[in-house]
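Here come two complexes built around chain A, the first alongside chain B, the second alongside chain C.
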Partner chain A sequence: MTAEVTMRVWRGEPAGGAFVDYAVPAVDGEVVLDVVHRLQAGPAPDLACRWNCKAGKCGSCSAEVNGTPCLLCMTRMDELPRAEPVVVAPMRTFPIIRDLVTDVSFNYEMARRLPPFAPRPPEANGAYRMASIDVARGQEYRRCIECFLCQDVCHVLRDHEEHKADYGGPRLFLRAMELESHPLDTADRRALVRDQLGLGLCNITKCCTEVCPEHITITDNAIIPLKERVVDAAYDPVAWLGRRIRRRTRRPDPSPLPAADDRSPDKPASGVAGRQ
Partner chain B sequence: MATTEQLTAVPVVIGGTCGGPPVRTRRRDRWWRAPAATVAFLSAFVAYATWAALENRDYFVGAAAHRDLISPFYSPCVAASCVAGARGGLYLSWWAISPAILVLAVPLGFRFTCYYYRKAYYRSFWRSPPACAVADGHRRYRGETRFPLVLQNLHRYFFLAGLVFNVILTIDAVMAFRLPGDGGIGVSLGTLVLCANAGLLWLYSLSCHACRHLCGGGVDQFSQHRVRHRLWRLVTPLNARHMQFAWASLAFVALADLYVRLVASGVFSDPKLF
Partner chain C sequence: MREAPIHDLDVLVIGAGGAGLRAAIEAAQRGLRTGVVCKSLLGKAHTVMAEGGVAAALGNVWAEDSWQVHFRDTMRGGKLLNNWRMAELHAKESPDRVLELEAWGALFDRTADGRISQRDFGGHRYARLAHVGDRTGLELLRTVQQRAVALGIEVFMECKILRLLEDPAGQVSGAVGYWRATGEPVAFRAKAVVLATGGIGRSWKYTTNSWESTGDGQALALWAGADLIDMECMQFHPTGMVWPLSVRGLLVTEGVRGDGGVLRDKDGRRFMFDYIPKMFAAETADSEAEADAWYEDHVHNRRPPDLLPRDEVARSINAEVKAGRGSPHGGVYLDIASRHPAEYIRRRLPSMYQQFMELAGVDITKEAMEVGPTCHYLMGGIRVDADSAASTVAGLFAAGEVAGGLHGANRLGGNSLSDLLVFGRRAGAAAADFAEGRPGTPVLDPAEIDAVLAAAEAPLAREAGESPYALQAELHEVMHNLVGIIRTGPELTQALDQLAKLEERTAALAVTGGRAYNPGWNLATDLPFMLTVSTLVATGALERRESRGGHTRDDFPDPDPELGSLNLVQRLGEHGDLELVREPLPEVPEALRALLDETTT
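Our next item is the complex of A and B:
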């Protein structure tokens, strides 16, 4: 007799929904997304589920299995307890569209708040040259596949609706740190991430790091370094004094960077200063 | 093409109905074990440290016992009430209560503002959140944007002050090699305890996120700051083990105090190894 597994899948729309149980044969080596596809091919042809690569690289099939945010395509069925139904629900933080599909446009709208890359002028031959040790740190940040599981699990977004308008979330802080630490970038986003993107609301409980399918150490390598840079700019009295003294003793720069307007169209936004 | 200023003016539209049932969590694993263990361990440490700090005795094993061991809770002993041999030349004659209160303020501040301990106690004591994908225990939330939690941003100053204490405790560990009247210089179990304590405290301090930032975290072009890059490369692997060093050093500082206390009170004598 073939073993069965019970899939308890959330079926619903914005108006409401409920969990529906489906009993399907257990197949060795499957991931949760495989079983969802079997449900679509059988008892639930109208089950909505966003997916694309099935290889953990597109970040489309984000959902919550047994209450834990994860990619459906990277969650093995044999690692889940068989004695109980496997509960599959949409990401809790984002508005539901249908079944397992959520509206993640919040993340894209928030990303537009962050001023883009603002490189210094190129060298005389038009090239940008960077040393390998300067670009090594940023490779980790660029592994992000934008699955938004970190946004989903972050309790500031998940449990405090009142902060959604003024809190960027882990994904945006990762992007901010990527730009801030870029060896060619000239913009200073520290005041912006502190005042308008709510970096101080993050209390570094590291859930974003725990759920990241790309194993990016978001908290330790992006959020905390970004917080320390904000401390440099806003909270450290010695750093403030040092900046004041350097500003007084600095000689005129013989080759100043072009004004922000000259770097159009990607000029820094209001509240974003050039590096001092 | 839209400029950045135009882009920032786009209002973020949020809202809609979230999917799934409105329950505190759908997790079925034993997620409460880690915060419960943190509460138990930190509470035990705070209770022991409070008792040990207020006890104000049995914190030094001197020449009478052929040893030079001082509890890390009482070093540097800078009060007039310190026992003979434990006190240095510089002390506060007006300080009447236990000298441990003076000593513990900085290390406790360092640990309280530490990025790892913040995670630990926000999760376990403040339940904000108690675990990943478990609902926040509070309806209102301000994070670290308001007083007093905005003071967490002064962690780097506690780190720097903590280094002074690390130096003092390292000197204590070196002095523990003195065995007056028992061969002059040697190694006892107490020597190893104080050396291990100092070593773990150094590892905890050097793995600190503020240390990593001061070494090179704020540098964008490492190629222009080779020394800072080298320092940053040195502390980065330590930083990855900051949690382990945090717990090990916390446990060992209490164990070191307990060891000195038991020897000083005569429960057993410190065995000489060689």
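Our next item is the complex of A and C:
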């Protein structure tokens, strides 16, 4: 007798959908994506699901298994409880296209908002020199496979549709910190990250770090240092005084910050306050 | 019939892997309106699967290295079936292409004095692969992706191209396809088209390739009238995972061997010393002591046989398993744990560590891996002009795996990432030149667009018929059993027969569900491509009655010097049937030929 496992897969369209149960034989050594492929070859030939590498390297098959955001190709069936159905649902934060496929274009649009890498000139021979220790942290950031599970789990995006217009999310903060800390980069994105990408809204619950399949320490190694850099730029009392004096003696600030919200210059952003 | 909205571009790039994005960057930097079409989301292309590194004679680790040595290694590794001019350009230009990535934000691993570090790989005389741990492809792809975003290049994601379109003069003028998300049709009008769609490995059962590698570019080019060369030259990577079954075929980077991993049989014997071919005997260690000493001193010792070119290693593993000396799951052992401490392995090979730990429950810092050959890379492909990457059809260019010639009969590890950059750039520049020189607006034929779409949509309308999944499974069996790593004439004939029958059955494909994000329908539209390229491979393999590089004939086990001087060119004949002609390889100039001598260092 072959053991059976019940897959409870969300099927639907933008207008709505429901979970559908499929009973399939259990096979040794499989990951959830293998079972999805068996469903496609059998009872559910039109079951929509993204995938590419099937090795945890491309970040395409992001979904939620038993409520946990994960890559379907790296989630082993034998690590899930067999007695209960395996619940496979699309990422909840993004609009549904079909079944397990969601519209992740938000992330690509946000990526365009960050001013690109702006290196200093190379040495005379056209090359750059960087020490291992100076690239190590950046290499951790660049392990990101853009699976967007951090975005999916981030409660600012997950539970507050209204913030999608002005909040980049963990993936974008990771990228911003990568650029900010790049040994060769010369641009300054700190004001942008604060004013237009809503860094202050993150209150460092570390959910993003927990779901990262690349085990990037997103909160501790990227978001918190980024917050510190932004705070340094915006709330340094000496710099603040300098700006006030300049403003008084010269001309009005050409780019006044948005007032009357929790990111105004006179009030620390939420999440940062606790660390002062 | 739904009408396909038309997007107007100067340069259309099909494929958003390393080659496609590098081509698009070049065209966009010239100020041309450039668009990139890809079947998946941006940043998911197969390039991310490249692990070990990008080959470039930077000379950072061994100052003795030079473009001449890289050229020599590439040609000899390719069993001299290479296009010499492509190999020359590749060896000369790859260092600049790597340095350019750094100016776009890439962070390579460093040497002690802060330069780009380089690692050893099979067939490369010196440590030559610039790398980022074992995720170099991801770094490369992300870097060109971010550069493309910075340049504002238009990217059309999750779009399948069905056919290239030509104007009455026979110049490629655009393409037609559909959006995967909605199933709605779309067309592109462009003055020049670059194909950068990668490989064909999805036709085999065990492969390192993703679902996307269905030979789209090769088939599109063939149908548009272009020549393809040496399609029989398919590389089986020696080290794929063999267990659990669900990950069988998954790539295990050659970096494991480059960093000191050795192959062993079931009794722990290092069997590669039994398989050193004459061509590489002078440069390969014949004792374990010399092989081990080489890791520290490349100048006074010869390379371990574990680092022979991939075709040699794959065949050797195959022979060991056949002789009954394999591991329990039909592979051999790859052991790095007994050479290096755990911390070193985790730092140098982080994603291999993770892959084996999470998918197989194997700790590679303590145990050996079980590995075996897996379908990996097509050396043959669209015939191109070396300097311009132009195909034999006006307005059509090709770069990366989809193009043939650079790698000859066998590709060296690390040479694909450098290939992408060098020829991606050249294709983008040449396509830009062509677009700038092409007057007027290209003409598309609406009737042709309608016909292509109608054929693609037919399976949606059929009530009952062949399942695309079942057809694909049968194709996998045919290619695995009859057009695998070791081939024979009778089996190839049988394969061609079966492929023809499968092709007939595609006329009866039927899918359930609608057109919106329907993987069954998507597969039904991929199958004609897969069957076409599979037929090209089997046809070439039957014709090349010799063993050379990735192409091994059991009934013709030796290389044949006459066939070794020929490209097998395939194209569509006047009546739409395949024709194969033998054409002499471009002759290597005297000055470069001297570099190929066995004793040259």
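The rule is short, and it goes like this: the second predicted complex is superposed on the first by the 236 of 276 C-alpha atoms of A that agree within 3 Å, B and C clash if a C-alpha of one lies under 4 Å from a C-alpha of the other, contacts with A are read in each partner's own complex, and residues count from 1 in each chain.
In this text, a contact is a pair of C-beta atoms (placed from the backbone, for glycine too) under 8 Å apart; a residue touches a chain by one contact, two chains touch by 3 or more.
Remember, it's a predicted structure, so these values are computed and weren't measured experimentally.
Of the two partner chains placed by superposition, A:W240 touches none, neither chain B nor chain C. For chain A, the partner touching the most residues, choosing from chain B and chain C, is B. Contacts of A:H182 after superposition on the shared chain: both chain B and chain C are touched. In the superposition on chain A, contact is made by A:G126 with chain C only, not with chain B. In the superposition on chain A, A:R112 contacts both chain B and chain C. Judged by the touch definition given at the top, the superposed model places A:C53 against chain C, while chain B stays out of reach. In the superposed model, A:G12 lies in contact with chain B only, and not with chain C. In the superposed model, A:P225 makes contact with chain B only, not with chain C.
Once both structures are placed on chain A, chain A residues 103, 112, 116, 131, 182, 185 are touched by chain B and, in the other complex, by chain C. Chain contact summary for the complex, chain C toward chain A: residues 40-46, 48-49, 96, 99, 102-105, 107-110, 112-116, 132-133, 135, 138-139, 142, 146-147, 149-150, 181, 210-212, 243-247, 250-251, 351, 354-355, 358-360, 467-470, 473, 511-514, 516-521. Note for the complex: chain B touches chain A at residues 1-5, 7-8, 10, 12-21, 25-29, 115, 118-119, 122-123, 128-129, 132-133, 135-136, 141-145, 150, 153-154, 156, 209-210, 212-213, 217-218, 220-223, 229, 239-240, 242. Of all the residues in chain A, the ones that touch chain C in their complex are 13, 27-31, 34, 40-41, 45-60, 74, 76, 97-99, 101, 103-104, 108, 111-112, 116-117, 119, 122, 126-132, 135, 138-139, 142-146, 179, 182, 184-185. Within the complex formed with chain B, the residues of chain A that make contact are 10, 12, 14-17, 19, 64, 66-69, 81, 84, 87, 89-96, 100, 102-103, 105-106, 109-110, 112-113, 115-116, 131, 133-134, 137, 153, 155-156, 158-161, 163-165, 180-183, 185, 198, 200-207, 210-211, 217, 219-220, 224-225, 227-232, 234-236, 264-270, 272.
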